[in-house]
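What follows is a pair of complexes built around chain A, which joins chain B in one and chain C in the other.
Then we have the complex of A and B:
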């Protein structure tokens, strides 16, 4: 399957990086050198603290050792072109319909990054470029946003991404640009087991609106891939941004993923949905910093683990502006010997009044041998707030199963129905262009019960 | 330091086994001449070393195993780093070398003076209506509390049933085998830095043994019963054992503020409930606001046993206290009920831990915290369900009330669930006093201050209703005092 399945006739302004890949522009040199120093200087994260208690950080250390990565993007000369089949990636590609999207970025770690936009989106003013080419026209925007939140000082592995990122993706909606159809980012990892460092910057200007769907796939079903991804999303005054991230790597992959949405401007809104199905070990850190006043943030999570997969998700809602509203619903389903850790923080800073923050984490354990850890945290430094969180862990409700059995439904089907019901509210939120895939990943896991 | 040299000499000159002579304190602790005691305790008592630990052990005339245990514990204490979680800033201010680790009770009254007890503490005593003798005792001034006689008959009654209720030092002397059998089996010194510290320098505390089938649950055993100067000690060591089918309710502490010049209090409490036993441990802590109160409390519940912690935290500068129940055998139950009130300058870092290792065990945690003005209240909890603990049920509820715009409330619950056939529920809620409730009450002609007090008292009612009446009344009065002048 090639990258050209999509009907490009409808798309214009193709940006494609040559296969040799450009070196990052000098404008990033200082940023990356600083991050490099930080990565080297900083010790491993403290395992006694919640964030790393359940996942060994040493596995995310940069192990390729090649200093040829010095300036970021160079691919080792002997890197093979992606071989083998990645059914998940191909299906995703097939399902993309130009009528339902405004832009698509095909980021194939071993080949190239290609970004295409629909004429409608171009006309509306949408900007989507490889990060390395964005410096020419948007250096000011980059300077004010890139790595300002998730950069050298964020953490050791975020510093690593900041110094080694490959051709990142820059998506920018200038002020008053409202794009209804989603922008799809489709990533295919390397067919060699080298580390890849995807990097994304999304900037939504005042009164603008964007929807981004970000999907991560392995190069094929067998390679033990390694990825360290960083995404930063900025929402300016009165903007709306929806960001969906779907991770469906193969079960041998090691993935580290950090995302921050910063609602910089007043009355800005964001929605973040993370659906994780793949990887052997998936460590994800997602958060929204509500800096402006009267911002609204919704976060949803869906994890479905099987076999010996290990998921470790952290979410944050940080209230730094008054009158914020946030809600979070994180659902986990585990079978076989899968392990999930969820840590979630709501923080309301001093004198940040009239915030409302809600958080719920529900873990469904389908059989013995599964493990779920849940740590929902509240740090409330102001009295004018309403904050709640709730967490549950347990098996499927036998009463529900009994009810379905009494209607003549076989047990396995009954369990499937109940699990689908558990995840359905989250699935419904997804854009229609993404729903069929996520549903199929749920069904794939429910097939063998 | 010349003091140190002199000190060493005093220590080496100690006779090997000098003290276990009489039953009363005058004989027991008056063994040395006042002069020698003064030299030792006043000059050499500060700071922590193997020498200090050795002296404590020798003065108490302890068996060799306890002496070894203390030294081993000190090594563990010295090797362990300070916790890197919680209020590390406040903990960082602790200076372990600037603390008296053992002061002879007979010396204590000479050290403290009623005039030195701060006025705010005295005023609170008055407002709570506490008799003067008790006031002085609570103020750390009087070494003896006059009410011992009152409880004498009660003590005899217990003795007839075979109940052992002594202070820990005395128990070690009278029942060495029993103590040795259970001591440190629930909380080993390696558990945490402060448990290690307590293990090295412990002194005082209660020892309770309730024999098979004996029910002393109706009238709570109170720490007052065995009153002596050490029951308010810095490094209490309490051990409670309820044998099969026994029932006991133990109450420690009181609602009146306790003044002490000591800056660090670090107790270890071990509770063991054998098959079908029932133990309730009620404690209300109201240390003065200069105290660090870093306590390790843990219980083991065996088959069908029930352990209940009822834990109130009102005083201290920093409290770190997470009562724990280890549900070791099938059918064991735990209930933890805690209330924390943090005013300006206070950090109440309290919570609960429940470890399910056996089938069909159940636990319920209810935590209520109030942060007022610049106070910080944290709930830090842990629920762990091991594989095989099928049919376990856990319910955790944390409610926090904020009064004042600078108040802070944190919630850090941890749930580690390694078994699928379980039911785990956790809920937390943080809010300020509801305007609607205030409006409703004020519309009935109740002043705003009274209305706020009513709401706060209603908020902690699930806790107060579990207390003996006199405690509940005192607690309500105390909350009233704390709330005076609150602006919400």
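Then we have the complex of A and C:
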């Protein structure tokens, strides 16, 4: 691995791309050519289906007119990022140095992709590399996972990402590698309003454990960014993976995001938490495919919309193995004129017995002018299943407000407490390295009630 | 300054367009414990809730004075800060809000001073110990999944921490086993002082063995039909509310 430098002083592994970050390996050429053909051949998604009823797909068409940045000429490589430029990165590095994180990646769209691991994580066997460098040692792993679930055939915009991803991040825990401290990926958008295509592959081997935080944010407050991201997570037998995605783009960004976790092996477990605060329009599609037997999947959602933001989230729990357990808790809070749509699919294939699948979506509307839709989609093709789903859309409970008022708490504080309480179960499960920051995003929105 | 801590003056209460309290007058002096007794549905909770400012119960006529000042124009939180407290018959669950955070906010609303909050933990634990409530309770979500007895204890815990001047205790005794009843009664007695007033709403006389009332009022169909000393409670116990019915006929006839 000639591209990996070992900083002996710190005994920390730092990987940077040597030239342009966009130089793809030839091994991806076939995959990408195939995806390009699919993207071009496929029409716009059918707007009569739930998935696209609420958001206009045409805005996600690739519109930059050229693919020149793909060729690597336009973007300087390895420009270092100064401290203060990205406070989230500074914080992450501090946490890394304190051993609270096991790796930090800065995927700085216009500049570089830089990944650092702690000596402890390296010793334990954690692999974190740019996708373009991973092929040298992990070509077999890539071949068996990359774009096998979310690739050319998944959908038009996923094919687009597969065609144009700008390098990407590969996180791999070989068998029996258990890493407790989170790996934090920072996806800083472009400072120009061009499309960016973040890509992530997470593979967790047998009996292994990983926790990944994947954070998307804008380069500044004014750029009208455009992002199309794809994430694939694979859990092999008896593995555990926790994946947290935080989207806090500026309010001008257009974002499209697709994630799939595939619980390949028996008794594998996953937890997926999606927290969406940013973007003008955010379209997210998250799902867990429970392929092995006796797998367990927990999904949590937290959306807090304000101003004229529009959110469109879709989740899936697909049961393809017997004795699976899945639960989903998707919380939405809207103020000002924000809109949210949530569609949640539970599918249990034929003859997949003894599954339990639960789903709950609760929407709090803080004022008139907000709008939330909640559509459960159940495709249960097997009788021997326990499945419940529930959805509520409505204003804050005045009885709760009255209870707090009756103890002297002013109305605005009471409302803030109740909203925080609404999202608390989700905040509580965030890794400690992330929790205070996400709480502050909730509080920021509650400050102007 | 009034000698009365609470004055209820010919109060009528409507809920869902129906009059359920039909002219109640009741004065509670400082240091007094009044028991308000009546069958289910007689309007006791409607009266209590209306006094606290519950949005579903409107006082259509009459007045309520706390320490000589009408509370009717006040928001519920202002009533609370003025010294009024209602221990609810059915305390509301607020998921995601911990007991400790809730109590801290309620005290902050009174003290408005971070320094004064430094002793909060100590105060909380002392109040919990007095009511034999596990400290672990502080981290639980407000009334969320609490048993009936736990809810009632939490109401009295709030009473002991917020130290109001006038406490309306709505069926605080119901759902308590005898041991819990003793503990909760002790909490109420600890709260009693020459400066405070209590309106103890109940339909059993059981709690009156532990919390001694100055006066007992009997409420039937939205009206107080009889007022007297503790002996009335015993009479009720013996012959039931029916024996008071004729007096109602007399009053209204």
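Assume the second predicted complex is superposed on the first by the 404 of 449 C-alpha atoms of A that agree within 3 Å, B and C clash if a C-alpha of one lies under 4 Å from a C-alpha of the other, contacts with A are read in each partner's own complex, and residues count from 1 in each chain.
Basically, a residue touches a chain if its C-beta (ideal position, glycine included) is under 8 Å from a C-beta of that chain, and two chains touch if they have at least 3 such contacts.
Everything numeric in this text was worked out from a predicted model, so none of it was measured.
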Once the two structures are overlaid on chain A, check if chain B and chain C clash or fit side by side.
-> fit
Should A:284 be classified as contacting the first partner (chain B), the second (chain C), both, or neither?
-> neither
Partner touching more residues of chain A, whether chain B or chain C | B
Figure out whether A:422 sits in contact with chain B (first) or chain C (second), or with both, or with neither.
-> second
Classify the contacts of A:363 with the two partner chains as first (chain B alone), second (chain C alone), both, or neither.
-> first
Which superposed partner A:399 touches (first chain B, second chain C, both, neither) | second
Touched partner set for A:407, first chain B, second chain C, both or neither = second
How wide is the angle at chain A between chain B and chain C, using CA centres, rounded to the nearest 10°?
-> 70
Given the touch rule stated above, what does A:141 touch, chain B (first), chain C (second), both, or neither?
-> neither
Overlaying both structures gives a minimum C-alpha distance between chain B and chain C, in Å, of 14
Counting only contacts in the complex, chain A reaches chain C at residues 398-400, 402-411, 413-414, 417-418, 420-425
Listed in rising order, chain B residues that touch chain A in their complex are 84-85, 371, 387, 400, 402-432
Over in the complex, which chain C residues touch chain A? Could you list them?
-> 52-55, 75-77, 79-81, 85-86, 88, 91-97, 101-102, 105-106, 109-110, 141-142, 158, 162
Sort out for me which residues of chain A touch chain B in the complex.
-> 46, 48-50, 350-351, 353, 363, 365-395
